[in-house]
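Listed after this line are the structures, all set down as structure tokens.
You will see two complexes here that share chain A, one where it goes with chain B and one where it goes with chain C.
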Partner chain A sequence: MNILTKPWLWSCVAAALAYALILGLTSGRGAGELAYAALSFGAFAAIVGLGQMLVITLGPGNVDLSIPATMTLAATLALKAMGTDPGTAVLGLGIALAVGFGVGVANYALIYLLRLPPIIATLAASLIYQSLAIWSNRGLRIKPPEGLADFATGRFLGLPNVTWVGLLLAIVVWIALERSVWGRWLLATGQNMRVARLAGVPVELVRASTYISVSVFAALAGYLLASFSGGAALNMGAEYLLMSIAVVVIGGSSIAGGNSNVPGVWGAALFMFLVVSMLNSYGAGAGARNVLTGAIIIGIVIAASTRRART
Partner chain B sequence: MTISRMLLGAASLAMAAGLAQAESHASATADKRIALSNNYAGNSWRQAMLQTWEEVGEQAVADGMLAAADAYTTAENQATEQAAQIQNMILQGYDAIVLNAASPTALNGAVKEACDAGVTVVSFDGIVTEPCAWRIAVDFAAMGEEQVEYLATRLSDGGNLLEIRGLAGVFVDDEISKGIHEGVAEHDQFEIVGSVHGDWAQDVSQKAVAGILPSLPEITGVVTQGGDGYGAAQAFKAAGRPTPLIVLGNRQDELKWWAEQRDANGYETLSLSIAPGVASLALWVAQQVLAGEEVPKDLTVPFLKITQDTLDDALANTPEGSVANVTYTLDDAKQVIADAK
Partner chain C sequence: MTDHESAPIVSLDNAAKHFGPVKALDGVSLVVTPGDCIGLVGHNGAGKSTLVNLINGALAPSSGSVGFSGGTSANEAGVRSVFQELSLCPNLTVAENLRISHTALKGPGWRRHARAEILQSLDTIFPGHGIDPMSEVDTLSIAERQMVEIAIGFAPRGMAARLVILDEPTSSLDAGIADQLLEHIKQFCAKGGAVVFISHMMGEVFEVASRIVVLKDGRIVAERDAADFTRQGLVDAMGHVTAEAADTAGTRQEFGPEVVRTEQGLTARKGEIVGLSGLAGHGQAAALARLYLSRSSAFRPGTSPEVVFVAGDRPRDGVLPLWSILRNISISVLGQGARHGLVDRDAEARIADQWKTRIGIRTDDVTNPILSLSGGNQQKVLFARALASPAPVVIMDDPMRGVDVGTKQDVYAMIRAEAARGRTFLWYSTETEEVCQCDRVFVFRDHEISAELTGADITEEKILEASFVLEEAS
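Now for the complex of A and B:
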């Protein structure tokens, strides 16, 4: 199979190009610094993007719009419980993941029991999660315990720790999709739910586990981001709503579902950070930056989809 | 003797008249209901603002100054949604609406409807341009200019500045940035070599600064808009660069960081922002309008400045993770009104 037919290639090419363009401006200065920053900040987008990719793979109409609220709620509750006390990092992680699990169950319950379209269900539920986050701590920024903050901002073998977490999750998701029965079920459900059900795939189980996965991923990303940036803020998840969908689409996964792409999500996550950095470095104003970012995204999606059509 | 007695009599008469007047003002608004229409609640500044409103409003009701001071916040920060909210408030029969608007122009229609229905509208922070409403504005441009003036006193040789802006397309962001650029034009030893949007959030600022730093020369100062200074400091630290002079924006984590740096290496800077308590000022201004006082349509609030000398006090009075605040009283409101006349 030709490498050019891989839909994930284009996001990686675009990321490399943006990287090269910044280094062209600085004539090579700060190369390591920039790559390190891209890997750090890209990791958060990659983690939520992986979750969103699983949901989008479920087929048309499936998307989780509660990701920002889930991140905020999980991070707020976890940091409040830890209260900056040393040695509570595991407790905080447990709370964050439990919040993610609970949110996923609640989202799926709304979708399944009330037969609500996922877009409506997750959007409406996100208002509740956001309100819970406001109510629980009224927006006060509590610092993470020092050990946890050091871990979130630290590095191992030259790479940021959060990048290792993101890469590990990417590998787990890749194995689950490509090598497990669950992955086959997910792809079959996304390609045609009716056919999958008739073929004996436990469709509702697949959907439930997918909606729980995305929330757990979002909760983990929120926990890490709050630890990384010195506390949970009520608006900390805001930019990850469109970001999570953008990295899936740019990464070469089919927006119609049934076709997912793990390496592309990471490529796109790096690209989304680098393209903003590039336009900032070249001094583009906010308006020009938004227009250019949009145009570049459309370009990549077209490139990735025409290549796929030819195969 | 007689003269002094006469004077005393006149003074006591004047005092009695003053008291009667104060009494009548209190009773004049005792049955008035004020609503707060707020467009956004999703950050610590707005949460502190709502809390101040709640405290001051409850006290005013308990003291018999007002019949009600209810707060309403829209869920989606949309002008259309807030316009509908204002229309509901008119129907609910509120006597005054205190407004922190999602847009300076998009709500004018709803505000005009309220005025036509005899409702007093006082906008603050996010003000509206409709002439029938009162405006309690912050001189945001001066806030930007003051930052550069402060930098000029500290860094006489000038140098490269990094500008962190707020949310693109918002009035406040344009105004502060305009002030900063005017300041730089005046003090031409400074040059803005980079500009990023930090959305007034520490994590977004940290990300944006980390992305642009590799392409920048040495930075001597960072001009900000509030809520972004700590994130900028983290990004400089992560990149292994020396910490420049960062102007801060009164958030508790910024003040704490400042105090730590000061104790460690004598770091000096300035912190300035608008106190969320400006909501309480708006409440009293609305009360004054309802009481029949003559209040100019355009009022200005001072911003809250924290210097090296007041840092410890400010830090002690600011709750963990919140933002430095001032609660305005009825007398403060009268002072602001008198200043504007």
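Now for the complex of A and C:
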């Protein structure tokens, strides 16, 4: 198979191009720092993007819009429980993941029991999660335990620790999708839920586990981001709503479902960070940055859909 | 009958319609003159719909000719069709729906004219109908929609209707309303209009038709005055007993315990091939889907499934279009041989290759996309998917669509061999010849089982008899 036909290639090429353009502007100064920052910040986008990718793979109409609220709630509750005490990092992680699991169950229950469209269900539920976070936080900014903060900002073998977490998760998701029975079920469900059901796939089990996975991933990202940035903030997840969807689309997964792309998510996550850095270094204001980011996403969706139409 | 104008409204001369190699209509000559009321009968796939579509100009004949006297097209000649599948726009009002087929209505106040015209037509056909022409169609009941559709068919629409084709018009009407319609048809024909009336209600056909045309396998096998037919004679004309039907009784065997029983009364024993028959759309497919869904879970991944499903409607129920042939086959057996939840890819490839040769899927490589196959070969993949699974009950929803004759024989043999090994088959088919291969047959009519046939009773004749309502609509 020709490597040019791999859809994940383009997001990686685009990321490399953006990287080269920035270095061209700075004549190569700060190449290492830029790569390090891209890998650090890209990791958070990659983690939520992997979860969102699983949900989008379920087929048209499936998307999780509660990711920002889940990140905030998980981070808030975890940091509150840890209370900056040393040696509580594992407890905090457990609480964050439990919050993610609970949110996933709640989202799926709304979708399955009330037959709400996932967009409505997750968006409406996210208001509740956000309110819970506000209510429990009460404006306090609690610092993460020192050891945990050191881990989140630290590095191992030259790469940021959060990048290692994101890469490890990508490998797990890749194995689940490409090699496991569950992955086959997910891909079949995403192509045609009725066909999958009639072929013996437990489609509701697949949907439930997928909605739980995305929330657990979001909770993990929230926990790491709060530790990385020195505390949970109520708007800490805001930018990850569009980001999570953008990295899936730019990464080459099909919006129509049934087809997903793990390496592409990482490429797209790096690309999204580098585009913003590039626009910053060219001196673009916040407005121009948003307009250009939106234009890039629309352009890639159009390019992806016309490519599919031709084949 | 005032037979003052005798020029035929439409005349078909040896008209044929082929869809690829399928001869839907194989040379039909038919003349419809003013005052004719033709009852058109025949079993599924006899070519009734194709014939209707040739007469109303929706299809052009592959060979032969279709001629109209009152103009060059069916529309100009005053030919209208009323279909059983409701074709109204649900978001528009009754009057607005009339406008769709009445292009002369335009300018200010067209709604008022449309309202008057449809109301008059409804009043004429269904006195006391109680339908408000300004109400939106989706607020009407199914029967009311069918009445509106019939009224639009008979409405003048700028020129008088000369020939109205009614395809199962009474299937959703109750007896009183149906009588009004039949009365109107008689009057319409007496005034020099013509009607082609398709129905599976024998009583109605005999009541209105002056002439009855029997279609079978794309040909007219009988065309006589209605008075010259008896009901039994008509059923006999629709289908004759095939020679193969006799020897199915030879391979009788003992069956095991009952493994399927539904509320509807559908039953099957271990090792038995149970057929579902009757006219298309009378609830057979729905009954099978319900049975499948009730015997499998959407939450619990069973390691040994109880039932498997072979779809006939491939895009809707069967094919996973993004995948290869291999993955399409193996989806039903992934659970077996999986270690730690991971797919055993060697076993998967082995199963796919084995079924490729066993069922003869025409491809060089099972990793080719499934959509690279022809329809018949895709169907073989779906058979392989089901038969590869160890499930004891196999449900088949008209699975032979687009499958060539040779493969059909292979699949029949495979089904019999699997049944002999103790598997149970539930097999819905629109082809009576296939149903005659079964050990027991349930005939469906109006979403209910109307007959259960066994052994020597399984004949095309008996099945047709149970599919059609022989008595007056009751």
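The rule is simple: the second predicted complex is superposed on the first by the 297 of 311 C-alpha atoms of A that agree within 3 Å, B and C clash if a C-alpha of one lies under 4 Å from a C-alpha of the other, contacts with A are read in each partner's own complex, and residues count from 1 in each chain.
The rule is short, and it goes like this: a contact is a pair of C-beta atoms (placed from the backbone, for glycine too) under 8 Å apart; a residue touches a chain by one contact, two chains touch by 3 or more.
This is a predicted model, so every value here is computed, not measured.
When the two structures are aligned on the shared chain, A:Arg197 is found in touch with chain C, with no touch to chain B. If you count the residues of chain A touched by chain B and by chain C, you find the higher number for B.
In the superposed pair of complexes, A:Gly230 makes contact with chain B only, with no contact to chain C. Of the two partner chains placed by the overlay, only chain B lies in contact with A:Gly287; chain C stays clear of it. Of the two partner chains placed by the overlay, only chain C lies in contact with A:Ala188; chain B stays clear of it. In the superposition on chain A, A:Ser136 contacts neither chain B nor chain C. Taken together, the chain C residues at the contact with chain A in this complex read 289, 292-293, 296-302, 305, 308-309, 311, 316-323, 327, 331-332, 334-335, 338, 341-343, 345, 385, 389. Taken in their complex, chain A has these residues touching chain C: 175, 179-182, 184-185, 187-188, 191-192, 194-205, 208, 258-259.
For chain A in complex with chain B, the residues that touch the partner chain are 22, 25-26, 29-31, 33-34, 37-38, 40-41, 127, 130, 134, 138-143, 153, 225, 228-231, 233-236, 238-239, 273-274, 276-277, 280-281, 283, 286-287, 290. Of all the residues in chain B, the ones that touch chain A in their complex are 41-44, 46-48, 51, 75, 165, 168-169, 194-197, 199, 201-204, 206-208, 210-215, 230-231, 234, 238-240, 251-253, 319-322.
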